[in-house]
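In the two complexes that follow, chain A is the common piece, with chain B as its partner first and chain C second.
And now, the complex of A and B:
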């Protein structure tokens, strides 16, 4: 049992993170024609620590690898995926066996859409699942103001708001210490998105660690305690949410600064170019191609380093 | 050219390429409740209007009615004072929130792009569409990449008004700003009218000159 102590962001005391991802990478084995196999690397190097009582947002463009992180934590990657690097859960290395044991009990997933529910099963029964009880399900429905007849409905009968409440209820069947919420707000009205985020805050206040996966930087800035930014299969910056709200001078990585500048309420100024595919990312800094600070050093491997209370993957950040 | 079209549109003075929703009501089936009840709205070529409001208030339904995908239960949708054209190029084009549902999954991107007109290489460059993407299938591109194709496809020379239904809600901030920068440049150059449906108030204020807020219970307020 590896129980390394690190410093918690809020208290300053040494506490063990609920989730500690160290240099995680993922590749898919593919047939490249005939029986020849090739490896397609879709995640290169992800580093993040999430603590109890906090909402930790993972923000990135589509294709940056953030949903893969969720699947890697839960151990639901496809069979042809290969994982390298380490994931620690409450100080324990999260092996395949432990993932199976903890899934739904200590680690829960709140899926992205109603499409993840079984269309042919009444939602009450689905929420009970294999781990819950009818009482726990009814308590959860009551907590989220779902009418009692909702448990006898099929997924297609639910409105968008009810479906969201049902999916949050599924996470309450165990006593999860880590809740992974994958893009929980697209398609919701502003009020409903706010309400969903309030539920997450309540769960965090109850001692859980919430990993909020989203493409929406504004949502993360408003509701998370800490934000980690993904780019082309790498984490490039991890910092308190207040730094993102304070604007680009408080931030560290050139990509994060560009992201802030592109918000409509700020400059609304885009930088040119597109994110490279993780599989095609050149060695060295994945952002170098689009970066104004690029020098020869950027072609070499760049690790995450601590800087001003956050972490950054850039040799030029100061 | 514009004068000629005005002539064709009935020669009325002041009729200047405008989509007009007049007292439109709509229900999806005879038994279902009214989604829209007497809605009024107009967008002229060259004008940029934002439509905001809670979900379920009928914004997307209104967009589909204006682009001719749905027929109103009551009231009328007029283009230059006449019913929407039934044949030829539709001057009111719509871009949807879900690009992956707006393309044929069995067509390659080059065929999808050239479905209604042939965009110039210059336009593709401005939209940030890489030539290498043209030989791919829709499933091999991200949402942001697909949305660039859907926009290029919809801004043919005959397009006068473009309806953008949450076209950047699923995109990261940089891609969102890239897409709007190009779209605004092109619409200003060519005098295209825009109706932008969005939840994002700062975005609405940045891209539009007029914001129409819809309250719950239908677009009575329009």
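And now, the complex of A and C:
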């Protein structure tokens, strides 16, 4: 419980992040015909720090491994997955044992869809789970304006909005310092998405750190405090949301600048090429192939470095 | 309302089954008269004609069918030629033997198949799982009578552990036959039907286990701090057991068919051997009677499965109409 409930940027002094991911990578063991076993890398190197009281958005295209980041933090990767790199939680290395101890208590997951609820169990009982209480569940339902009848319903009877409230309620059965929300908004109307983000803001104001995993850069720009961008299994830039809102010049990485250009209000300007999967990413800078600033140095391994209050994985950024 | 529709459906089924059986038997190259009096009969042609007229054999097929159906409505299924007794009596006695056999095999194959499927699913891809899967696929593609013959030749002939057939020792007075004798004679047929019935439920449970254990809701349960044990008892078990029970009820038809063959192999005096005997002797009333009983039995199994779907699965229960 040594997490300080103060925002890093606001105080300026060095404080322990709730979540500190250092060089996280994930690969899967696969049988590639016969008995030959091959490793399929799906995440190369993820670096990010999430602080108490903040919403930290992780933005990436579909298939860039964002959900796996959530699963790696909670320790619920499939059996054939191998994780490398380190994850620290409140300054403590998050081992398998600690993950088992903390999940549902200090770390909570808010899943994507109603499919993550047991179809044969009534919603009330399910929200209580193994760690909560009826009182906590009723309080959570009241907080999110769920009718008391919802308790007796089965997941299939919930409307989209109710399902979202129910899933957020599950996080309140523990006292989570870190809440990982995996793609919480797709399929929701704009009002519902806004409402969901308000709930996250309330939870953050209550002292939790929210890791918001999304593919929606605009949503992240509007509601997050800090945004980390994924590219081909790497994090390429991590910076205050204000920098993204301020536009290209405030940003650091050529890919994030290109993302801003590709937004509708900036005229959908695309750049040539497609994002490779993490397993196909070339050595060195993953973005080099599509980058105008490319030089010989880009063929070597590029690490994340601090720059203007953010972090970037690019040798040319200034 | 439900009971009304169910009854209508059952009646339609019985009418269709009996009409079809009636046509098939009428068109079969069996002369009921010859079947009754025997080929060596010395009866005069006049006497034969009189019997034929009395039985209504000269009437048209629909006329004969409606006459039979009318009698059935008065609970008169006619007289069995083979056993020289009323059909209802024969079926009643035979069915009581078969019911024991079927219920035992049904319950055992259900329980064992379920447990084996769970084990297999939890060891997915490992050697025991692959062995169980192969075994079940083999069972599924093997005819019942052949397994019955194998079982018989191994346990009864070669090892001599069990009797070769019948429901009681040969040559023992019916009054002296003990419950122990009956159980002893039941073991091999029950064993055969059990392993035959197990394949389907094992494979079903296995597939369902893998599906459920890999489901998003079990993943989420784990993410919320549930232990493996809690995940199993709270989510996996329930999501598999309920559909498995309904599948087992729906397999009544296969059980009934398998039983007829197994009874023949083991000379077990149940409804299956009675059907075979009726067919071989051109015993039309008995054949029609067993067809009706068989249809009723399978209908009851399917109906139970349908009702259970609704009882167990809230998506159907709260939805309302499930029969």
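We take it that the second predicted complex is superposed on the first by the 311 of 318 C-alpha atoms of A that agree within 3 Å, B and C clash if a C-alpha of one lies under 4 Å from a C-alpha of the other, contacts with A are read in each partner's own complex, and residues count from 1 in each chain.
Note that in this section contacts are C-beta pairs under 8 Å (C-beta built on N, C-alpha and C of every residue); 3 or more make two chains touch, one makes a residue touch a chain.
Here the structure is a predicted model, which is why all the values come from computation and not from measurement.
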**OP:** With the two complexes superposed on chain A, say which partner A:228 touches: chain B (first), chain C (second), both, or neither.
**Re:** neither
Original post:
Does the superposition put A:16 against chain B (first), chain C (second), both, or neither?
Top reply: neither
Original post:
Of the partners chain B and chain C, which touch A:256 in the superposed model: first, second, both, neither?
Top reply: neither
Original post:
Touch check for A:115: first (chain B), second (chain C), both, or neither?
Top reply: second
Original post:
Between chain B (first) and chain C (second), which does A:209 come into contact with in this model arrangement: first, second, both, or neither?
Top reply: neither
**OP:** Tell me which partner A:45 touches in the superposition: chain B (first), chain C (second), both or neither.
**Re:** neither
**OP:** Check chain A for residues that touch chain B in one structure and chain C in the other, and list them.
**Re:** none
Original post:
Any idea which chain B residues touch chain A in the complex?
Top reply: 54-56, 128, 130, 142-145, 169-178, 180-181, 199-200, 202-203, 205-207
**OP:** Can you check the complex and tell me which residues of chain A touch chain C?
**Re:** 71, 74, 76, 100, 103-105, 108-109, 111, 113, 115-121, 129-131, 154, 156-157, 170, 173-174
Original post:
Within the complex, which stretch of chain C touches chain A?
Top reply: 216-217, 219-227, 230, 234-235, 238-239, 242, 312-315, 318
Original post:
Taking the complex as given, what residues does chain A use to touch chain B?
Top reply: 59-63, 160, 186-192, 215, 217, 258-260, 262-265, 268-272, 274
